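The next part holds the structures, each set out as C-alpha cells.
Note that chain A is present in both complexes that follow, paired respectively with chain B and with chain C.
So, the complex of A and B:
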C-alpha cells in the first residue's frame, strides 16, 4: 500500500516530468526537423517524426556562406574573451567593494547595479558610435567588450555578495600571516567562492553565445559574424523571406550543444553559486 | 523577428537624424571620372545585401565582377533582411558603411529623402543603358529629380498556373484566366478535383506577399492602394472592394487551403511547387524553384488579371544598388553599376540564369528565346509598377499595418467591406500624413 508521502512524491515527480516534457518538446522537434529530408522539413502540414533521415541540412549549414566553422569559431572566441574580461574586471571589483573601506561603497554598488535595469537596446547605439571612434567595430575583441559590459552588473552582484559572506576571521588570520591583498584574494576568497565564479563564467558564456543584436550591429563583414547572426540570415535565405527550415533547425541544434555541455560540466557549482549570491 | 523589424524601423528616424550630425563628407573622388565596367583603383570593395532577396542572382553578379576585376573584388556581406534598414541607418550614422549596397527598392525613397545616399546624378547622366532600365526601379531610385541608384535585380509578380491540374479539371492548359471572374470559375473546377488540391493560393498572414500578388489584382481593376504622401488618398476605386469581395468568396468557396491563413511568407515560395495549387500569384523567382521542387510538373505563367477581361498588372520589386554616404570608393561603385547594366552582363549573367534582365531592351536574347516561361513573365515588366511612398513599411509591409489588417478582415470575417476599407483608408492616411 502506498503511503501519503510516497503518493505526494509520485505526484510531484509526475508534475516535474510533465513540465520537463513540455519544455523539451520544441527542442526535440527542432532536432528531429534537422534530420528530415529537405522537402519534409518544409512540408505543410508539418510532420512530427521524420519519415526519412538525411544529413543534407547539416551539409548545407557546413558550407553556408563562410562556412560553419568560421561562425562557430567567432562565437566561441567571443565567448571565451567575454569570460576572461568579465572575470578580470569583476573579481577584483567585487573584492574591493566587499572588503575595502572605499568611501560611499554601498551607493557605488547600487549605482553599478542600476545598469541592470537599463535596456540593452538603449545603450547599443551610443556604444556602437563610441566603439566606431576607437576602432573596435567589426572586431571580435570589440564584441567581447560589448558582451562584457552587458554581463558586468550581474556578475558584480553575484561575486560581491559572495565575497562579503566570507568570514572576516579567516581574512584577518591571513593578514596576521603577512599575506597581501592579492594573496588574500587568491588564497582566501577564491577557493570557497568557486561556485559563484563558475556561475559568473557560465552566465558570461551563455550571454555571449546567444547574443544577437550587438553582434549584428558591431560586425560589418560576414567573416566576422557569430552563429546567431548567421542563423538569422539563414532564416530569410530564400526569395520573399522564405526559410530553409532544415538548415535553420540544424543550426539551432548545433548552437544548443555547447550551452548544454557547459551547463552539464558546471551544473554542480551553478545552484550553489546562485544561492551564495542571493544572500549577503 | 517581426518585433525587431518594427523596432529597427522605428529607430531609423532617430538614427538618420544622428547621421545628419555625424556623417562624413561625400567621398573625395572626382565626379568627372567616366564610368567603365572595370575598376579604377585596386583594393577590395565592400558591399552589403539583404538576405532573403535574390541571393543566387547577386552571388552570380559579384562572381562575374570578381572574375573580371581580380584586383578589386567585391566582398559581399548578407545582412538579415529584417534587420537591414536599422543596420544601414546605424552604419551611416557612424560612418561605418560599405562601398555599395543592395537595397530593397521599396525603402529607397526614405533614405534618399533623408540625404543618406550619394547623389549619383552627375555621374550617371547620359548613360544610354538607363533609358531602358526597369522603370519601376528608376522611379524609386529618383528623389526630387536626383538619381541615387540603378537596378540590381528585378522580381515581378505574375499568375502561375498548374497545367497538369488544368487538364485534370477539364480546362484548356493553353488558356489561363484573363479576368478575376474567370479565375474564380477555373478555381472552382480545380478544387472540385478533391483530395489535397485547391484551385487557388492566398497567403493570409503575409503583408508583403499580398501587395506583391493581390495588389496587382486591384491595380488591374483600376484601383489605387497606397497614399504617396500627406493629403494623398489611399484605397481609391471600385477595384479595391471588388478584389476584396473576390478573395472573400474564394476563401468561403474553399478554393484555398485552410493552412494558407497562417502563411507569413516563410513557405510562400514553396507552395506552387507542391503541385497542390491550381493557380497562384507569385514571382519570376518561382520558375527555377518550382522546377527544382517538382521537375515533372507542367506549368504556365500569365499576367495577374483584373475584373474585366484582358486587364492586367504586376508589382515590380527587387533591389537597387546604391552608394551610402561615407563610401570611400564612389567611382568604383559607379563602375560596378555600369558593369551590371552592360549588354554582356545583362545577357550572360542575368538572362543565362533565367532571371529577368534589368533593361527592357535586353529581353530579346538567346536564353529567353529558349525559355517561353521567362518570356511570359517578362511581359509583366510592361504592366508593372512600384509604389512610391516614404511610409511603405508602415502602410503596407508591416505585419501590424492597415493593409494586412484590411485583407484579413476581408478574407476571414463577415465585416462590412465598406467599413473595412474605410478603417484602412483612415489608418493609411494618418500614417502618410506623418511622412
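So, the complex of A and C:
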C-alpha cells in the first residue's frame, strides 16, 4: 500500500505530465500536419495523425513567392543586424554609465530607458515617415533599427547592472598598468560579463525574429518580408485556391525551431535575463 | 574613477552613440507624434494645424470606442487567467524535482515563439472545417455542427483568441512566480507548518503576501501586453466581424496605414500611450503601497 505523501507525489507527477502534454500538443500536431500529403493536409474533417508522410508542404513553402530562402535570409539578416546594433550601442553605454563620472548621469539613463514606457507600437507612424525620408523603409537595416529601439532599454539595463557589479580593484590594477579605457573594457569588463552579453544577444535575436507589426508596416515589397509576415499573407493567398494549410504549418514549424533551440540550449541565460529584467 | 574632465569626456563618448540613437529614433518620433496629432494630414496634402480636433473626433468616433472597449474586454478576460493560472502553475512546479523542472521548461516553450506564428497555428486549430478543435468537440459529442470560432461573432472570437494567447504566454508569469516563490525563505514556511497551518492557508497567509510584488509586476506586464494586442487579431480575425474585433493598436494601424489619416492616427497613438502610462503609474503606486 502506498503512503499518503507518496500518493500525493504520484498525483503531482501525473498532473505535471498532463499539463506538459497539453502544452506540447499544438506544436506536435502542427509538425505532424506539415508532413502530411497535400490532400490529407486539406482534408475535412482533419485527421488526427498523418496517414502518409510527404515533404510536399515543405517543397511548396520552399518555392512560395520569392522562395523560403529569401524570407529566412530576411529574418536572419534583420536579427543579426539587430544584435550587432544592440551590442554596439549598449555595451559602451553600459560601461560609461557604470564607471565614469558623467554629468547628468541619472537623467541620461532615464532618457535611454524611455522606450520602456513608450511602446513602439504607438510610435510606428512617425518612425515610418522618418524612415521613408532617410531611405530606411523596405530595408533590413531599417527594420533592425526599429527592433533595436525595442530592445535597447532592456539590454542597457541588464548590462549596466552587470558592469556596475565588476569589482573596482581589478579595474584599478589595470589603470596602474597603464591600460586605456578601451583596453579595460575589453580585458577587465567583458570576460566576467559574458553571460549578460549572451543574454542580451539572445533576447535581441528572439525579439527581432518574432516581431510582426513593425515588419508588416516597414516592408513594402514581398521580397523584403520576414518569415512571419510572408506566412501571414500566405494564410489567405495561395496557389491552391484556398488556404494551403500544410504549407502554413511547414512555415510555422520552421519559424519555431530556431527559437526553441536557442531557448533550450541557453535556458540558464534566458532565465537569468528574465529575472534581472523583472526587478527593474 | 576620478572626477577629472578627461574622464567625464571619455564617459560621455561611450554613452553618446546610444544617447544619439535614442534621441533620433525614440525621442524625436515621440515629439513628432505629438505634433502630428495636432494636424490634419493625409500625406498627399500639406499638414494643416487643427488644434485638438483629432482628439475631439476620436472621442466622438463610435469605431474608436468599439475598439477601445473591445481591447479593455480582451484585457479583462485574459489578465485574471494569466495571473491566477500562472500562479497555480508556479505553485505546482516550483518545488525542486525533475518532473516539475521538465514541466516548467515545457510550459515556457510557447513564450519564446513569435505571437504572429503562434496565431497562425491557432488560426488553423480554430478553423471551422479544417481545424482539429471542432473535430475533437464533434467526436466527443459536445457540439452537433462545426463552430464558427473566428471572425463571425466578436465574443466567440475573443474567447478563441484569448485561449491561444493564454497558451502562448502563461509560462511567462509562471516563471517569474516560480522565482519569487523559491525566494521565500524556507524557515518562514516551515514555521507556519509547525503552527499547524494547512497547505492553502500557508500559501494564502505566507507565500502570497511575500510574492505580492511579483504578482503586481506580472499583472502590469500582462495588462500592457493585452492593451497593445495586435498580431493575434490581425492574423486570426483581421478585425472581423465589422471591425468589432479591431483592438486599439489595430485601429491605430488602420487609420495610419491603409487609410493614411496620419494626424488622426497619431492622436489615437497618443491616447493609447497615455492609457498605458496611466496603468503603469497605478501599478507602481500599488507596488509601493504593498511594500510599505
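Just so we're on the same page, the second predicted complex is superposed on the first by the 227 of 280 C-alpha atoms of A that agree within 3 Å, B and C clash if a C-alpha of one lies under 4 Å from a C-alpha of the other, contacts with A are read in each partner's own complex, and residues count from 1 in each chain.
The rule is short, and it goes like this: a residue touches a chain if its C-beta (ideal position, glycine included) is under 8 Å from a C-beta of that chain, and two chains touch if they have at least 3 such contacts.
The structure displayed is predicted, hence computed values, not measured ones.
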item	value
First (chain B), second (chain C), both or neither touched by A:65	first
Contacts of A:121 with chain B and chain C, given as first, second, both or neither	both
First (chain B), second (chain C), both or neither touched by A:173	neither
Partner chain(s) touched by A:232 [first = chain B, second = chain C, both, neither]	both
First (chain B), second (chain C), both or neither touched by A:112	second
Touching partner for A:11 - first (chain B), second (chain C), both, neither	neither
A:129 touches, of chain B and chain C: first, second, both or neither?	both
Chain A residues touched by each partner, larger count belonging to chain B or chain C	C
Which superposed partner A:28 touches (first chain B, second chain C, both, neither)	neither
First, second, both or neither for A:217, with chain B first and chain C second	both
Chain B and chain C contact sites that coincide on chain A, given as residue numbers	42, 44-45, 121, 125, 128-129, 213, 216-217, 229, 232, 235, 243
Contact footprint of chain A on chain C as seen in their complex	1-3, 7-8, 10-15, 17-19, 21-23, 25-30, 32-33, 36, 89, 92-93, 99-100, 102-103, 105-110, 112-117, 120-125, 127, 129-132, 134-135, 138, 167, 171, 175-176, 179, 214, 217, 224, 228, 230-231, 234-235, 249, 252-253, 256-257, 262, 265-266, 269-270, 272-273, 276-277, 280
In the complex, chain B residues that touch chain A	1, 4, 7, 11, 15, 18, 22, 46, 48, 50-55, 75-83, 87, 90-91, 93-96, 98, 155, 208-209, 212, 257, 259, 265-270, 274, 283, 285-286, 289, 293
Complex contacts: residues of chain A adjacent to chain C	12-13, 15-17, 19-20, 23-24, 26-27, 29-30, 33, 42-46, 48, 88-90, 92-93, 95-97, 99-103, 108, 111-112, 114-115, 117-119, 121-130, 145-146, 148-149, 152, 156, 181, 206, 209-213, 216-217, 227-229, 231-232, 235, 243, 245, 248-249, 251-252, 255-256, 259-260, 262-264, 267, 270-271, 274-275, 278
Chain A to chain B touching residues, read off their complex	39, 42, 44-45, 65, 121, 125, 128-129, 132, 137-138, 213, 216-217, 220-222, 229, 232-243
